[in-house]
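First comes the structure, then the notes that go with it.
We just call them A, B, C, D and E in the order they show up, numbering each chain from 1.
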Amino acid sequence: MNDIVNCVAYQSGRRLLDIDLNNVHAVLSEPDKFVWIGLYEPSEEILSAVQAEFGLHDLAIEDAHRAHQRPKLEVYGDSIFIVVRTAHMNKDAHIELGETHFFVGVNFIVSVRHGSSVAYKEVRSRCESTPDLLALGPGFVLYAIIDFIVDRYFPVVNELELQLVALEERIFKDKPNRQTTEHIYQLKRELLEVKRAVSPLIDICNRLMRLDKRSISSQTLPYFRDIYDHAVRLNDMVDNTRELLNTALEANFSLISISQNDTSKRFAGWAAILAVPTMIAGFYGMNFKFMPELQWEYGYYAVIIFTISACILLYYFFRRSGWL
Amino acid sequence: MNDIVNCVAYQSGRRLLDIDLNNVHAVLSEPDKFVWIGLYEPSEEILSAVQAEFGLHDLAIEDAHRAHQRPKLEVYGDSIFIVVRTAHMNKDAHIELGETHFFVGVNFIVSVRHGSSVAYKEVRSRCESTPDLLALGPGFVLYAIIDFIVDRYFPVVNELELQLVALEERIFKDKPNRQTTEHIYQLKRELLEVKRAVSPLIDICNRLMRLDKRSISSQTLPYFRDIYDHAVRLNDMVDNTRELLNTALEANFSLISISQNDTSKRFAGWAAILAVPTMIAGFYGMNFKFMPELQWEYGYYAVIIFTISACILLYYFFRRSGWL
Amino acid sequence: MNDIVNCVAYQSGRRLLDIDLNNVHAVLSEPDKFVWIGLYEPSEEILSAVQAEFGLHDLAIEDAHRAHQRPKLEVYGDSIFIVVRTAHMNKDAHIELGETHFFVGVNFIVSVRHGSSVAYKEVRSRCESTPDLLALGPGFVLYAIIDFIVDRYFPVVNELELQLVALEERIFKDKPNRQTTEHIYQLKRELLEVKRAVSPLIDICNRLMRLDKRSISSQTLPYFRDIYDHAVRLNDMVDNTRELLNTALEANFSLISISQNDTSKRFAGWAAILAVPTMIAGFYGMNFKFMPELQWEYGYYAVIIFTISACILLYYFFRRSGWL
Amino acid sequence: MNDIVNCVAYQSGRRLLDIDLNNVHAVLSEPDKFVWIGLYEPSEEILSAVQAEFGLHDLAIEDAHRAHQRPKLEVYGDSIFIVVRTAHMNKDAHIELGETHFFVGVNFIVSVRHGSSVAYKEVRSRCESTPDLLALGPGFVLYAIIDFIVDRYFPVVNELELQLVALEERIFKDKPNRQTTEHIYQLKRELLEVKRAVSPLIDICNRLMRLDKRSISSQTLPYFRDIYDHAVRLNDMVDNTRELLNTALEANFSLISISQNDTSKRFAGWAAILAVPTMIAGFYGMNFKFMPELQWEYGYYAVIIFTISACILLYYFFRRSGWL
Amino acid sequence: MNDIVNCVAYQSGRRLLDIDLNNVHAVLSEPDKFVWIGLYEPSEEILSAVQAEFGLHDLAIEDAHRAHQRPKLEVYGDSIFIVVRTAHMNKDAHIELGETHFFVGVNFIVSVRHGSSVAYKEVRSRCESTPDLLALGPGFVLYAIIDFIVDRYFPVVNELELQLVALEERIFKDKPNRQTTEHIYQLKRELLEVKRAVSPLIDICNRLMRLDKRSISSQTLPYFRDIYDHAVRLNDMVDNTRELLNTALEANFSLISISQNDTSKRFAGWAAILAVPTMIAGFYGMNFKFMPELQWEYGYYAVIIFTISACILLYYFFRRSGWL
């Protein structure tokens, strides 16, 4: 049963004891106690045991087993089922998403982690260090974990903002190239992924702030407003980056066109410079019987000097008008 | 009367008997029973019989006959009329849409299939295997069928997502071509079709979740929330794919421009390389009387070597600056 | 007074008699009767007579006279004033819009047609053939006419959808040309026109469905829901076509660019093929004293053969790389 | 004190007498009377006098003095403060915007005009000609002036629509040029200006229609619905023109690209035609000893004829393929 | 303790005395008094002292310490916590943003400034000069400071509008260049920054206008409506500038294309003019034995004159057709 990460009973905000999943009902019969259970990709049997213990709804258990849910909050009688997506950057600076599900009741909270994500030991020890707050019950634990999850989105979104700054650098400083365009597209893809994970959080927190359930102590409501605020900020940052990215894509496109124009001008300039000697040489290649210059002893040198001068002149002329 | 696929009476969640459409009223007079009728593109006579039996509204019967309705939910007194669109991918990976209409009352549910779609035998046998749930009445049958329909959208939307991935591959790896652009357009068309079929489902489920009608048992409401959730997820997936597709279209366009720029540069480069020997040859084609090189025994060979060297030099120069 | 198309009194859904506008009050004094008056671009005098007869508001009469209103529903005490736009395709496949205004009271309905549109004789005879429904009063007549008007939008929107399909054909099959772009623009213009006519209908029907007025029998409300549904479907079709048209415009633009790229490549290819003989000829036009090939008897023919071979080789090379 | 345009007392809808601003309180003490004051860019002293007379709020007076407000409606106790923007086309077909502010109370209305705009003498005389309506009090005067203002927007928006039609003509008929693009931009700017002036009017009228204040007689409410309707229509026209303009900008862009493609093709065609004689001439400029054609008496003429024929042939070929 | 900028007690709108943070409770025990404290980037200790004094919530204090919050309003029991962003233009015409937080209670207001911003001494002295208004309590002080902050946004947004005008000048008058595109992008970035700071203000003021708390006197509500109005106007200005900027970006792009077209035409024109002498010279470079012109004494001069004439002719021809 190593997919049960932890199963601890608390009383008045203080850790009571580690218990076995099957003894939970004994603990819960006493008032002022609650159980906090942490699972990681649990087997169907464990989920069934949890369901039996706390009387959870079939559909919620099914969701918790299958994972790949969108973030949501569902109320089943006195207990709540919550799905939240987690995110972190992997070593290649790409986003990896995981999922955490919560069952929250009057005297229990079960967290179910799926996929790539960090364990919540840190949250547990932090909670245990503030017994006054932990005494608020499962609602505070819920807050603590979601807060932890949301805080870990900030470095992810910051990284995406930095990638945009790097892209701007490449767009405005480098020559236009295929990689920049592809990178813009990939960044857009990742922004949309984060957006899909973050934006439902706003609605979830909003509903948590207004929830009138015994399982969530009214004193924890300002805490959910705090997460709500962070979720809105993350969402704003993502929207902002997305709008800038769209503009960057268009700016990039303008610069590609300008660069194409420059290519055309440069080509035209050099074509003109090369056309002049060809034309002059062609002229003195004519076979007219009477062409006085041809007889002149220094004609050849004069033509060479004239041609080179004409080319240099043209070069400066084009340079000045910005064609070369 | 082979357009009546099935007509079965149920009591307390258990199959009672197959009955004739005309005997339905006899069965319905007893409490705790309901009838589940499945039709496929029924004739006007059958629909009239159904209408007479259950006292349905003219307008709903008219809609059920004509088909080509948009997904909707309409309440007529105690009974509900629902239109849902079904979808599956055909062999050419193109979407085919069908329609299913439902009449749901306190003790009956009639499903009317139109166009290309799968029969609901599988749903019936699945329902019959959970008599506890089927005992919830017609509302649960309605859930079971709509759930079945919505679940079949996922492979369709996944296929569209895969087509987008394939398109990305072609956009960023292949040379720009007309087929890619046309494919982007076709994918957009199919996404819009799915969108039109899926997005009204959100509203329908939302209303089903809140419906206070005797025909839908209150215990089935969480089930409709489950479908609601799937519909929202499908809708999100479609919106996401659409937004990425728009960006892909623009990225494609940028790459076409870059590719055009590359063509121009390559052309300019080769033009320059070819212009040099032409110019040199022109020079030594001049008819000046005094051109010392012309008299030189190895002049011709020197010029050939010089010209070839110049061309090679230019080639490496252009190569380095990325023009060739 | 030929701008009064019709003025008929009904009792219990049955045609009673054609009456003169000035005798209307006599008829209306008896209960269970109503008058249905059809006008076509009426003069100010007629409208004043109607106003006096039914006690209508100045502003509504002014609107009915001036026409060029946007679709709207206005409640003045017990009577309602409705403006709806009508549409049909003329012979050149261009949209022609008209207007119909309605004054609906407890025992009267006045329809005022403006501009190009079809008379409502057909609606009248259809209504008279279902006296049960016509007995519902002016509200049902209102439904029957608006339903007739909305139904006539479907061929118009279908025509626009077909024009889009034809445009797609031209975009993806033909060479890019100015006419296609202009046609896209014109189609957009017509879509916007239909949109402006159709989308306010959704709101009007929505309000009619909820209206609690004596002039609209509560039994007619499901009928307005039916029109509402059609209006939403029309609106969806128009929005869909518009979004596809926008994508078509962008796809068209991509294809123009690809086509430009093809032009550049083809030009570059032929330029290269033509440059080779010019260069070779230039070389053998040099006047060096010692050029052994020039003395060779078959030199000329050898050069011709070599040049032609080089050109053919280049041709196949460019062909294979897709430049020609 | 020539910034007081007018200050007149009315009783039962009839003009009573012109009064001095300082005697207003005497008039207002009698019931059934109201005062209508028109100001034009008043000095601070006058505004203070008005404020003292009618007990207006500091902030409203400050706004009325500073002008450059956005259209709005603010309720201060029993009186209302309204800001509306006025518009007309100047001689150069550019929009000029002004502002009119209103203070409306139970027995007074003060209008304050700012900037370029027409005086409301015409409105006053029109009102005085319908004493029945004017008897409705300051609310009706408010309606009359706003109606006058809104009506003057129609020629402005029509002018902008005509400018769009003229632009379409230039886009689809003329060669692409910088002026067209600049004109599109300027038109967009003006549309946004009108939009900003018109769209808040919808909200203002909407609130006026629902206002439950003694200063606005309930009988005037349908009149505000009339203005509301006009404002919505103006707003629709502006939105429509804006969306068409966006499409026009993109169509313009497509046509620029097509035109560029045409330039490239035409250039390529002529380049090919000119390259042929150059190539042929180059060939017969070769110095091979044995070139039989050179010895032939009519060789020169044959070459000329051949060259010209080749050029003509090419010309017809390019013409047929649409390159020239 | 130099991070306490000011700490003053007021009674009935008049300055009473400067007090020490630790004596605040003594002052507050008397009715009709309030304290106005100004902090600048306070240390944790000071914030703790403030928290203890006024009984503020942990989360609000944490926010006030960490800064980098989005603008928001949060109600904790009787006190309110508000975050507002401040802005000013630095010397390089770039925006610098700061933050000000407020804790407002029945008899206290604490402002906490962060980052680059102006001190509120000016506001304090302005408030003290209108004791009648200051007597309204902390709510009026809140208004005065936010009004001051919002007023300082106007020059910032005006500057951005001017930058847009300057950009228009460059787009429509100058040649297309990379700097213009980059500048458009930067302007967009700054507009989004201002937008993010300003648009939440609308919601904050809206809620302040409707707030039913003892800490905000009902007489100050119209004042918050005034700020609301300014915030809406700022937001409109930013949105307007953004929409114009988007159009400017597209117009810029069109002009780049037109300019590219011009480059192509000019190049084609000059290429044609240079091709003519080359072709003619090539012709007379042919080695036919019988070419009568070659023998003609003035042939050479005739050819020169003919060539120059042809070039001049071509030049005028291209000039007229707008290619040069």
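By definition in this document, contacts are C-beta pairs under 8 Å (C-beta built on N, C-alpha and C of every residue); 3 or more make two chains touch, one makes a residue touch a chain.
Remember, predicted model here, so these are calculated numbers, not experimental data.
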Using the contact definition given at the top, which chains are in touch with both subunit A and subunit D?
E
In the chain contact graph, what is the shortest path length, in steps, from subunit A to subunit E?
1
Euclidean distance of C-alpha centroids - subunit B vs subunit C, Å
26
Would you mind pulling out the distance in Å between where the CA atoms of subunit B average out and where those of subunit D do?
41
Got the subunit B residues that touch at least 2 other chains?
250, 253, 257, 260, 264, 267, 271, 278, 282, 285-287, 291
What pattern do the touching chains form: line, ring, star, complete or other?
ring
Starting at subunit C and stepping to subunit D first, the ring reads C, D, E, A, B
Residues on subunit A engaged by subunit E in the complex (per definition of touch)
168, 172, 222-223, 225-226, 229, 232-233, 236, 240, 243-244, 247-248, 250-251, 253-255, 257-258, 260-261, 264-265, 267-268, 271-272, 275-276, 278-279, 282-283, 285-291, 322
Okay, in this complex, where on subunit A does subunit B touch?
57, 59, 69-70, 72, 74, 76, 175-178, 181-182, 184-185, 188-189, 192, 196, 249-250, 252-253, 256-257, 259-260, 263-264, 266-267, 270-271, 274, 277-278, 281-282, 284-287, 291, 293-300, 303
